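By letter and in written order, the chains are A, B, C and D; residue numbering begins at 1 in each of them.
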Amino acid sequence: MIPASFDYTCPKTVAEAVSLLGQNPEAKILAGGHSLIPMMRFRMATPAMLVDINQLEGLSYIKEEGDWLEIGAMTRESELDRSELVRKSYSLLADTTRVIADPLVRNLATVGGNIAHADPANDHPATMLAYGAEVTATGPDGERSIPIGDFFLDAFTTSLSHDEILTAIRIPRAVEKSGGAYFKLERKVGDYATVAVAAQLVLNGDGKIASAGIGLTNVGLTPIKATAAEEALTGKVLDDASIKEAARLASEVAEPIEDQRGSEEYKRHLVRTFTSRALRKAQERAEGGGV
Amino acid sequence: MGMAPALLEEISYDENGNMHGGTLMDYLVPTAMETPAWETGETVTPSPHHPIGAKGVGESATVGAPPAIVNAVVDAMWHLGVRHMEIPMTPSRVWQVLKEKGAALEE
Amino acid sequence: MSTHSITLKVNGEEHTREVEARLLLVHLIREELELTGTHIGCDTTSCGACTILLNGRPVKSCTMFAVQASGAEIASVEGLATNGNLHPIQEGFTEKHGLQCGYCTPGMMMTTVALLKDNPNPNEEDIRWGVAD
Amino acid sequence: MLYLDIVRSPYAHAKIKNINIEEALATPGVVSVVTGKDLDAHGLASMPTLMSDKQMVLPIDKVKYQAQEVAAVVATSRYAAADGVEAVEVDYEPLPVVVDPFKALEDGATKVRDDKDSNLIWHWETGDKDATDKVFDEADIVVEQSMYIPRIHVVSIETCGCVASFEPIEGKLTLYMTTQAPHAIRTVLALVAGHVGLSEEKIRVIAPDIGGGFGGKVPIYPGYIIAVAVSFLTGKPVKWIEDRSENLQADSFARDYHIKAALSAKKDGTLTAIKIKTVADHGYTDAAANPSKFPAGLFHICTGSYDFKQAHVEVDGVYTNKPPGGIAYRCSFRVTEAVHCLERMTDIMAHELDIDPAELRMKNFIRPEQFPYSSVLGWEYDSGDYEKALRKAMEMIEYDKLREEQKEKRARGELMGIGISSFTEVVGAGPSKDYDILGLKMFDSAEIRVHPTGKVMARFGTKSQGQGHETTYAQIIAEELGIPPEHIQIEEGDTDTAPYGLGTYASRSTPVAGAAGALAARKIHDKAKKIAAHLLEASEEDLEWEQGKFFVKGSPDRSKTIQEIAFAAYTNHPQGRSGHLLRPTQLDLSFRLLHLCRRHRPGHGRSQDPPFRRRGRLRCSHQPDDRRGADPWRSHDGDGARASRRDLL
């Protein structure tokens, strides 16, 4: 399994990288490489040029600023995993990071790569949908912000243009009485999800749901935002009835297909089950219990 | 130790002879996380035909474990009318059986 | 197709090589530097037999191009023993028969070295989690 | 060094209309592209499988399974070879595919093999059908069940691969390869390529440390033959290392057994007979690593640990458009399939009769006093105490408590199950009357040399893949000779130095080669006694042995250590025994086992080899091939091995 030949560039600045992409329509960005390099080894991807963005300065950080938690695109999954800030206040993100691939992959794999690759089986996309995150894209005309809901167009296709680089992801800053959880069924460590569900809740002072976010992994061509389920929960108290209804709505919006991981029916069942579990856990965390 | 064929490993083909599971991403070999802890014991009955009484035991775990694991799963569901489970007993297969027997729970 | 001059430190020793961009790091280590303790078990980043330490962190050297490692410090299993003395991890693996065929053992050892650096007193769950790849 | 990479078929069944190699040959670094036609010109386009069926090395006109080798690219680097593979253009015409073995057996089914009449490879049956049917007719209860044991792969962490290095001046081929059976490989290579001049004495197979085998590294795969052929033709070393995906998609597979079984019993739970009908999917060629006389391997150990009165087994081997299947994997020649069937059936019977599965097993176990026991399907069981083993396992897991817990949980609607299996496996592939590979009768060999300072070099015909032979064999020899294990060097895997053996699989190394080691060590021990008698000026009858030294009875001070004796063997030998005594410290003994039956293992625990017994307490009661070596003063050069080679010719 030997990749085809390619030209390699390793720019030092984002502007330089953007310019290289602009000049080379067959170029691809190399971030953590843990999706791209295996595909190149199978010659399923044969880019003429790689623009290695691992040496770009200032793209690896996790910080709260204004209304956002901002994460640099080149932040390694293992850095997220070790971040006290993430563990303390962003339980959904912490849950997700912990189950991406395996510990060694997480040492190189990046948050930006996981999202920009737009593999519906990747874990961060659903989580970012549940959070209502925003993607920062840097191109020849500077930065622009893309709501995550507008980002995933199709399998492996995003709204980034060829000469844009995903440079950061912004998650709404954690507020009081908020919490989330990610539930994933994988066949073994390192596997893609059979099904996974991300849920994020913000509660009002009276315990009712101020806002709910639900994202689904690997049950369609793109990660799916379960909008109807989110809306059905808003303003309600999380109880057996509202959970059941949200789980049903989430499972309806899923578009799973039968494969080695299970039947369509089974996957819809998992969406219901994990939506219920993730919501319960999110509620528990929003109320200050559990981690 | 024999759990892999019982629970994970399978090579299958579609009707055109295309293989499912031709990489280690889909041919599932258990890691330390999937593998349970186990206890071993032994009794000794030396072979009378052998200068040091030795017998081969290289495959002890792998031969006996798959039916033991199937027997456990079927034992758990016998009262529901389940007589047999094919291997590998993946989560989706077990769920399918429970569903057919009206025992799959919804949360 | 481009070639690149790279310099990297492997087990404390500096090496400079002219490499094709597509040369995988594991092939540089095994075939150019002739450090064959690092093994290849799969094509899909699944097995961990090729694990080395890249600037102190365990990574899979089959899923990285050699050119990306320019300027990096790499530790492979050959660097564990010092002055003819086995590393405590090597001694531990020997004592507890943690070898069998030994093919993935170098990767297991490098992972374990890194795990213990982060977490000197892991419980069983930490260990299983840490080496599950 | 040249590097080989292989073009593989995307189709499971297709006609090869054309192979265009021009672009590949123009690829930088590519030296040549080898096709089936090129190999055919040298009579190397096909080879025999371990079951004497035919396997294509490279096809001439048709491919028969997905990922089959179609052409090979030889280049100056692995990277260039991969580029060459990408550049080879093959024009295929897809043909109808048969993947279901039941459909393959239907009239009018697509024929997988043009050289055969049908897709049925063989029908094999054993046991008395009428007598079995009669027992079934008289039974109180009969249970039936179909089951499928899917295809699985050995997936040893190191893939297959080799460096073939032909030296044209000496005419000698050295093949470094990851194999479990180096000598058998050497013989098979000579059979495949003898006609082009690769005679067996000109072939050296070296298996260094190898990354797991599990049965998958017993056969020869096309890549090996292509590498050998290219090295032979170019006179350069050629390296072929499989990728993981190639390994998973093309090498031999295990299982793929479709089983229909019926079990009969009396009301009280006494099992009376078992009937099994199986369709075995072997893919496009019968490459199973079975003893020739048993097409379905040792599947007929299916009566397991129980005292059955009758049994009847039928197996149909079937060709399909899949890679070769049927290797012995993680068991001794299809025992796993048999055990799976029997233990499922036993459990179903227990549940149907509402008898505890453990109790039903206890009731039917062969009892200790029944050994040696002859099974109805013709296996002789030497020893065992099955009930004791199961009771021990039940105590360890606190079986009764678990059943209580299960009852409580079930009352609460929770599902909990407890599974038991017990099995008896025929292991230690060594009884020549039952076992062979391609006619090579199974035995194994040990050669022990004691150096003047009392250090030992011992070589064996087996090949460890991590089983720890270096430790086990050293312990056996240490126990026999009183030489510390750390002074004993164990070597295997080089056919130029190690004595002929059939390799390591089917749990055979310690039972067979380990036995040869013990017997060879005993011969040295007997010789040492003669030298000690000479040195101590005592008669042999007056000497006693204590671990590591001989001493004169009643005078413990008058003693000679094994190390002193070893030195004397080279410097101070008895009159009239000179040359003979000095050098025949080299012993080569083959050992064939008549019957071995593994210790019974209920449940799914792991176990260790039984502790080694000191000689004297446990005597070998049957040493069939030991007669020739009865004179300890005579060197013995491996008659067993020679006899087998004669059998082959």
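FYI, contacts are C-beta pairs under 8 Å (C-beta built on N, C-alpha and C of every residue); 3 or more make two chains touch, one makes a residue touch a chain.
All figures in this text were calculated on a predicted structure; none of them were measured in a lab.
Trainee: Consider the two chain pairs B-C and C-D; indicate the one with the greater count of contacting C-beta pairs.
Mentor: Of C-D and B-C, it is C-D that has more C-beta pairs in contact.
Trainee: Roughly how far is chain B from chain C, centre to centre by C-alpha average, rounded to an integer in Å?
Mentor: Going by mean C-alpha positions, chain B sits 33 Å from chain C.
Trainee: Quick one: report the Å distance separating chain A from chain D, using the average Cα coordinate of each chain.
Mentor: 48
Trainee: Indicate the whole-number Å distance between the mean C-alpha point of chain A and the mean C-alpha point of chain B.
Mentor: Measuring from centre to centre gives 34 Å for this pair.
Trainee: Among all residues of chain A, which ones touch two or more of the remaining chains?
Mentor: Within chain A, the residues that touch at least two other chains are 1-2, 4-5, 42, 102, 189-190.
Trainee: Which residues of chain D are in contact with two or more other chains?
Mentor: If we look for residues of chain D contacting two or more partner chains, we find 78-79, 243-245.
Trainee: Chain C: which residues touch two or more other chains?
Mentor: Where chain C meets two or more other chains at a single residue, that happens at 20, 22, 41-44, 46-47, 129, 132-133.
Trainee: Graph of touching chains, which shape: line, ring, star, complete, other?
Mentor: Contact pattern: complete, every chain touching every other.
Trainee: Please output the residues of chain D touching chain B within their complex, sorted ascending.
Mentor: The contact residues of chain D facing chain B are 11-13, 65-67, 97, 99, 145, 147-153, 155, 244-245, 248-249, 253, 255, 321-322, 330-332, 335-336, 339-340, 343-344, 347-348, 351, 357, 372, 382-385, 388-389, 392-393, 396-397, 406, 410, 415-423, 425, 427-428, 467, 476, 479, 506-511, 514-515, 518-519, 522, 593-613, 615, 618-623.
Trainee: Quick one: in the complex, what on chain C touches chain D?
Mentor: Those in contact with chain D are residues 20, 22-23, 27, 39, 41-44, 47, 49, 97, 99-104.
Trainee: In the complex of these two chains, what residues of chain A are touching chain C?
Mentor: Spelled out, the residues of chain A in touch with chain C are 1-8, 10, 30, 33-34, 37-38, 40-42, 50, 52, 54, 78, 101-105, 107-108, 189-190.
Trainee: Across the complex, what residues on chain D touch chain A?
Mentor: Interface residues on chain D, with respect to chain A: 78-79, 82-83, 86, 243-245.
Trainee: Can you name the residues of chain C that touch chain B in the complex?
Mentor: Residue list for chain C touching chain B: 41-44, 46-47, 124, 127-129, 131-133.
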